[in-house]
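Each in structure tokens, the structures are laid out below.
Two complexes come next, and they have one chain in common, subunit A, joined by subunit B in the first and subunit C in the second.
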Partner chain A sequence: MKTLSRLETRRDQLIGVALFLSVWEVAAQLFDKPLLLPPVSAILTALWDLIISGELITALGESIFLLIVGLLVAIVIGFVFGTIIARSKTAYWMLNPYFSALFVTPTIALVPLVLVWFGFGFTGRVLVVVLAAVVPILFSVASGLRDAPGDLIDVARSFGVKGEIPLLFTVRLRAALPVLMAGLRLAAGRAVVGMAVAETYLRLGGIGGLIKSYGAVFRTDYVFASILPLSLLGILLVSGIGRIERRLKWS
Partner chain B sequence: MENTHITNSSTGTSAIELSGIRKTFTLSEDKNAQQVLALDGIDLSINQGEFLTIIGPSGCGKTTLLRIMASLILPDEGRVIVEGEAVSEPDIKRAMVFQTFGLFPWKTVLDNVVFPLIVRKYPAQQTREIAIQHIKQVGLEKFQNAYPHQLSGGMQQRVGLARALSTGADILLMDEPFGAIDAQTRELMQEELMRICQEEQKTVVFITHDLNEAVMLADRVLLMSRGPGQVREIISVNLPRPRTEYDVRAHQEFVRVRGHLWRELRNDLIEQRTEEMV
Partner chain C sequence: MNLLATFKSRRVYLPILSLLVVLGGWELVGRSINPLLFAPPSSIIAMFGELIASGELLAAAKITMQALFLGYILAVIAGIPMGVLMGAWPRFGDILQPYLYAIFSTPRVVVVPLIIVWFGIGFEARLFLVFFWTAIAISVNTAQGVRNARPDLLEVARSFKVGRYQMARHVLIPGAVPFVISGLRIGAERAIVGVIIGEMFLQIVGLGGIITTASSQLLPAKMLCAVAVIAVLGTIIVTTLDMLEARFQVWRNDSN
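Moving on to the complex of A and B:
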């Protein structure tokens, strides 16, 4: 295959999107069932309406706030438990099964429990995001720290770095950083899903709430118009982290 | 045994003095696990400005001995005295050079060399100058901003050497530093090391598994044996310096010492083999 320059790739992507949208528009016009498949023009009108009414901005702000708080909490918890299971075999064998179980359990299945324990409030919604995102962070911290290159620890100690905490920051965490960023990237994707789940199944709010409430009144064009920024948010977040990740790698 | 201890002739205090060093390792985490005796009562005195090489079969405790000299690990018994003071932690008098280079892959050459000075909280401007000076000393001034993975093994170890030199330590502790470097580059680096150490009056402890290298570089060669972890012999190498100016390997002293060491090393390996078979 011929390798394409960045510009050429971008151009091809744009042509692809334009083609896809044109086919969609024409098909929707011919099909003429806007409830099932609204035309692109209707979706764009709906999007514009959501923007100028301020509805989208408010919802987006609410969602991003939830996402950031949830991710931060997940990072803190992931670091604490990741460090613990990296340093202690006993802790690893005791805790690992629960984290693995949490990793494979769909977040939506946990919503009823969160509802019973924490109610509809902000705490409950944050918890859903945390449950969705924490495990990849935790596992990447654990594996990053476990593989810490022993000789670099010796190097640091021989040149005067003293104590576990300074060693953690000068060597262990820095050496693990590429792995940590990969974990964070995975976690961010899952956090977006967790966020949408929390906003649609716990209490309506944010982008998730927008989607759910327009779905309930069968405004499919508005549903699409709300899904769009949600996907965009996820893509931006994940690719941003991926970009940082590539800059931190060394070979 | 011939040619054992040379007493400190001129300076008075030795650079490093070890007495009664014992070290055992426990093989796994549980309490009644098997114990490995790595060093069994090592006494050794290294003179200031001396180049001591250590050779011995693998697993005889060379690395363990060096790590104890660096205070990276503590002996179970015995004392380590550096320039007259008992030590238990790494300090600025000793610097290590590692077999696998030990460079931080995320730091540039300059940042790697500056690292020990930053850890020791030297003023920023000064650290940069010192580091650049030592990078020049090992001939890498063009590669200051390169990352380790962009350099050959020989160049990486030059960085390792520059880093050790930049600390200003009097004592260099080197664990098979040229073991992972191709033969020709290794010879060049041996010459450079001899030149630098002579110019700067460094005390060097240098582990190697290469007999030629051991004899070529050394004022004294320490032969360890799997007794386990004991000093089998210390032998002086009376070859004139600078050794870069003539063919050391053709010198009869080189041939004598090398031949002697090889017989001893061979005997040790054979004794070991027969013990294992019994």
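Moving on to the complex of A and C:
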């Protein structure tokens, strides 16, 4: 099997995209049902319209703000509980079942409960993002800290690092960094989904609300034009974290 | 041995103890809160009995399982051959990869408006939500498995001048199996979420439908019953595939 170079692969992919988009454009023009399949040109026009009207920027800003607040809260909660679970077997057996259950339950199924309990304000929306993102962070903190290398801790001790808290920050966390980044990457992907769920189900807002309101009036071109930046946001976030993660693979 | 015994008992009694504490606290708090907003465990259990007796829960679970299994099986049938093609012709795989990746990382709730105009809000639409994302997960993982055939084994097989069939039978397929199973697990997670999205946003039926209708009727106990059934179902499916994945992990080689 001949392996292609990166450059050749990129070239193939570019040709593929160009071909795909032109086939789409021609097919959509011939088919002429913009409700089902808007031509690429119409989607681009819609995207341009969304950009210059400022609608997209406002919506993206709102979404990213929600995403960042939700992820930060998830990181704090995941870090605290992850540390407790990693350091105490008792806490592990008492708390782990709930987090495992939360992990397998689709976030979307919990959203009506969040709506009833917290309303559709900002708190409720942040909570949906947290519910989606917290478990991967928590599990990665727990497993990363549990597997901290004993020899590194011995060295740190002999150099005078005393006490659990300093050890946590000087040795354990740094040794666990690659695992933590993997957890964060997983969490970021889920957080984007949680954000979209919160914005379409709780209160129309941000990019999710934009998509839903254009869907409600059957403007498929605008639906495509607003899904595109959302997918891009998710891909950039996840691949950005993945890039940092690969750099950190020192252990 | 003694240590193992205490460890084993600890992993049994601690979760039970914590469950009792949580349920007890929940019950105490739940009784003092407006029943339209919050449900204590006792009323959830009563509601569960009622739903089982009336047959509503079973009927809903059946509808959910139908779409879930049919969509999943179709995804396996389409996903594995697609993945083999993508793995055997890396060029084809490379060209297709960006689209699959883009679709896979798009949250499905925002694709719902498109699915409505394409498939309506009936069974086909729900089936598509299960099928498409699961098929992508399975095919991408299968492709990775076919590509990641261990070079050392390939070398050995070549030096023994094995034929195409034997190469596939003894080197390529065993090498790909663990990846395919990973794909089956990731696909199952996607399938479960997909079926619930379809039932909550498209056609209000099944377990997801119970959640939606119960939330509009302000019946939190009923909502929690459906959530619990979904969680148990998901746990069973995902743990089974997890165990399968762990069993085949020894065949895996990620080094290249």
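Criterion: the second predicted complex is superposed on the first by the 241 of 251 C-alpha atoms of A that agree within 3 Å, B and C clash if a C-alpha of one lies under 4 Å from a C-alpha of the other, contacts with A are read in each partner's own complex, and residues count from 1 in each chain.
Keep this in mind: contacts are C-beta pairs under 8 Å (C-beta built on N, C-alpha and C of every residue); 3 or more make two chains touch, one makes a residue touch a chain.
Only a predicted model underlies this, so the values are computations on that prediction, with no experimental measurement involved.
Visitor: Fit or clash for subunit B plus subunit C once both are placed on subunit A?
Guide: After superposition on subunit A, subunit B vs subunit C: fit, no clash.
Visitor: Which of the two partners, first being subunit B and second being subunit C, lies in contact with A:Thr123: first, second, both, or neither?
Guide: So A:Thr123 meets neither subunit B nor subunit C here.
Visitor: Applying the document's definition of touch, where does A:Leu152 land relative to subunit B and subunit C: first, second, both, or neither?
Guide: first
Visitor: Hey, is it subunit B or subunit C that touches more of subunit A?
Guide: C
Visitor: Quick one: is A:Ser88 in contact with subunit B, with subunit C, with both, or with neither? Answer first, second, both or neither.
Guide: neither
Visitor: Tell me which partner A:Ile227 touches in the superposition: subunit B (first), subunit C (second), both or neither.
Guide: second
Visitor: Rounding in steps of 10 degrees, give the angle subunit B-subunit A-subunit C taken between C-alpha centres.
Guide: Placing subunit A at the corner, the angle measures out to 90 degrees.
Visitor: With the two complexes superposed on chain A, say which partner A:Gly208 touches: subunit B (first), subunit C (second), both, or neither.
Guide: second
Visitor: Least CA distance subunit B-subunit C after superposition, rounded to whole Å?
Guide: 6
Visitor: Of the residues on subunit A, which ones does subunit B touch that subunit C also touches?
Guide: Shared contact residues on subunit A (touching subunit B in one complex, subunit C in the other): 89.
Visitor: Using the touch rule from the top, collect the residues of subunit C that touch subunit A in their complex.
Guide: Those in contact with subunit A are residues 10-11, 14-15, 17-19, 22, 37-38, 90-91, 94-99, 101-102, 105-114, 116-118, 189, 192-193, 196-197, 200, 208, 211-212, 214-215, 218, 220, 223-224, 226-227, 230-231, 234-235, 238.
Visitor: Which subunit A residues qualify as touching subunit C in the complex?
Guide: Its residues touching subunit C are 1, 3-4, 9, 12-13, 15-17, 20, 35-36, 89-90, 93-98, 100-101, 104-106, 108-110, 112-113, 115-117, 189, 192-193, 195-197, 200-201, 207-208, 211-212, 214-216, 218, 220, 223-224, 227, 230-231, 234-235, 238.
Visitor: Of all residues in subunit A, which touch subunit B in the complex?
Guide: Counting only subunit A, the residues touching subunit B are 89, 151-152, 154-162, 170-171, 174-175, 177, 248, 250-251.
Visitor: Which subunit B residues qualify as touching subunit A in the complex?
Guide: 29, 67, 70, 72, 89-92, 94-96, 98, 100, 102, 104-106, 115-116, 119-120, 147-149, 163, 167
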